[in-house]
Amino acid sequence: MKEQIIKKFQMKVEFYDVDSMGVVWHGNYVKYIEKARCMFLESCNFTYIDMLKNGFVMPIVKMDFKYIKPLKFNEIFFVEIILIECECFLKFRYILRDINNNKVALANTSQVAIDSNTKLTLYEIPKILKQALI
Amino acid sequence: MKEQIIKKFQMKVEFYDVDSMGVVWHGNYVKYIEKARCMFLESCNFTYIDMLKNGFVMPIVKMDFKYIKPLKFNEIFFVEIILIECECFLKFRYILRDINNNKVALANTSQVAIDSNTKLTLYEIPKILKQALI
Amino acid sequence: MKEQIIKKFQMKVEFYDVDSMGVVWHGNYVKYIEKARCMFLESCNFTYIDMLKNGFVMPIVKMDFKYIKPLKFNEIFFVEIILIECECFLKFRYILRDINNNKVALANTSQVAIDSNTKLTLYEIPKILKQALI
Amino acid sequence: MKEQIIKKFQMKVEFYDVDSMGVVWHGNYVKYIEKARCMFLESCNFTYIDMLKNGFVMPIVKMDFKYIKPLKFNEIFFVEIILIECECFLKFRYILRDINNNKVALANTSQVAIDSNTKLTLYEIPKILKQALI
């Protein structure tokens, strides 16, 4: 993986995402980055369903967020997702920007592969996923 | 079932349940009544896990709500759950009240039993569940 | 309002919408129909933000669902939203269909207008909203 | 603040918290630690409502999670919350444990105080909150 793989998805703040302070509740960003991750994987033709078919799942083991600027109801924003690592862990970085390109939030996730049957952690990302991604 | 079986559970509004109007988002009442239903079933020693062990699941097929008075952050409220029917359908009624006994909302749910293996609808509630409930 | 006003929106099931039975958790349909309602209002150029600017809010007072066929992860579906009444209440009907046009679920919502300042219920939908909708 | 202030709260996994893998969806831990944080603040007699009354709010600016062991439906677990800093930031650490005292997850949050009127960041936690906490 010599070059970084970046994809960018447009989203919009729904009414049910906004808290009593009038801004998106911080926990809802977990949904936004999961949606971006699923769209990323789908654009590589390898969704969570394909993982299951190939006998593994990929739970999140680490996740962090930095919140910079609040998002409001009906606001359009963009999630940039960058594939950072695909060796022992599957790591993504996320940059959320508003319509004026201002950073809204940053996030990172790490996932491991787990064998669906044995429930044991696989110490490498399965080749079939690696090939789909890179 | 000659007498109505009623149980009552105390709950509290969390910050993440409140919308930008400063009141509990109407969709979150679905969680409150599900929590009451699970507590009801657990108090009868027959949870969703026992259903699965006995080869059936019980999806919601109908649900309705009437909203009377909004709930606010940190407010304590009560969910009364009443077993209405346990024949072809499992039907519950819910009355939500605030700390002054004012009605906050009303709801109803209907569930059917489905065979976990065949995915076919069972036209009666399994006896083992009936016996646990009544 | 002589003719029914119908709009149709495409949506997709996200991973975080699916429950342990492998189907969309019934409570998440509240989000799908709210999203459709907001898109409907936006297509009429009158969003919740415009309501606030005009001094009223429109809480849900009644809501019902009928679940027909489960939705699964990554499934594309459609929400048809139909304006049923716009007099004392704002009433919408919703028909959810899968990609093969099979009915997935039905729903109805009723909303009343409330004066933002006095918190009193308005016994008619404000004219400005009526004009935007019809 | 010479000694660490630790509080511990018991919680339970609800059906609607569990994802299609049969474990609590990772995003729902944000709710668990928020609930613990609100309970911590309430036990110090200083809730989010008191913050608003005193003219400030405290949004999350950083949050991280480490997931160690999955939680399942109906499982009882404990959230230990530890006050780490109360100077420029309000920082909490969270340790989630199952009923056998095994670590389930770790988390950290940082909050800043923001003036409700001016929307400007306050570079110190308001004294009234500090006094309530320590």
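Structural remarks
Residue numbering begins at 1 within each chain, and the chains themselves are lettered A, B, C and D in the order written.
The rule we apply is simple: contacts are C-beta pairs under 8 Å (C-beta built on N, C-alpha and C of every residue); 3 or more make two chains touch, one makes a residue touch a chain.
Note that this is a predicted model, so its numbers are computed, not measured.
Among the remaining chains, D is positioned farthest from chain C, on the basis of C-alpha centroids.
Counting C-beta pairs in contact across A-C and across C-D gives the higher total for A-C.
Chain centres here are Cα averages; for chain B and chain C they lie 23 Å apart. Taking each chain's centre as the mean of its C-alpha atoms, chain A lies 28 Å from chain C.
Between the Cα centres of chain C and chain D there is a gap of 33 Å. Within chain B, residues 15-16, 27, 30-31, 34, 73 each touch two or more of the remaining chains.
For chain A in complex with chain D, the touching residues are 21, 23, 26-27, 30-31, 34, 57, 59-67, 70. The touching residues of chain C, counted against chain A in their complex, run 14-16, 30-31, 34-35, 38, 42, 47-49, 73-74. The touching residues of chain B, when paired with chain A in their complex, are 15-16, 18-20, 22, 25, 27, 73.
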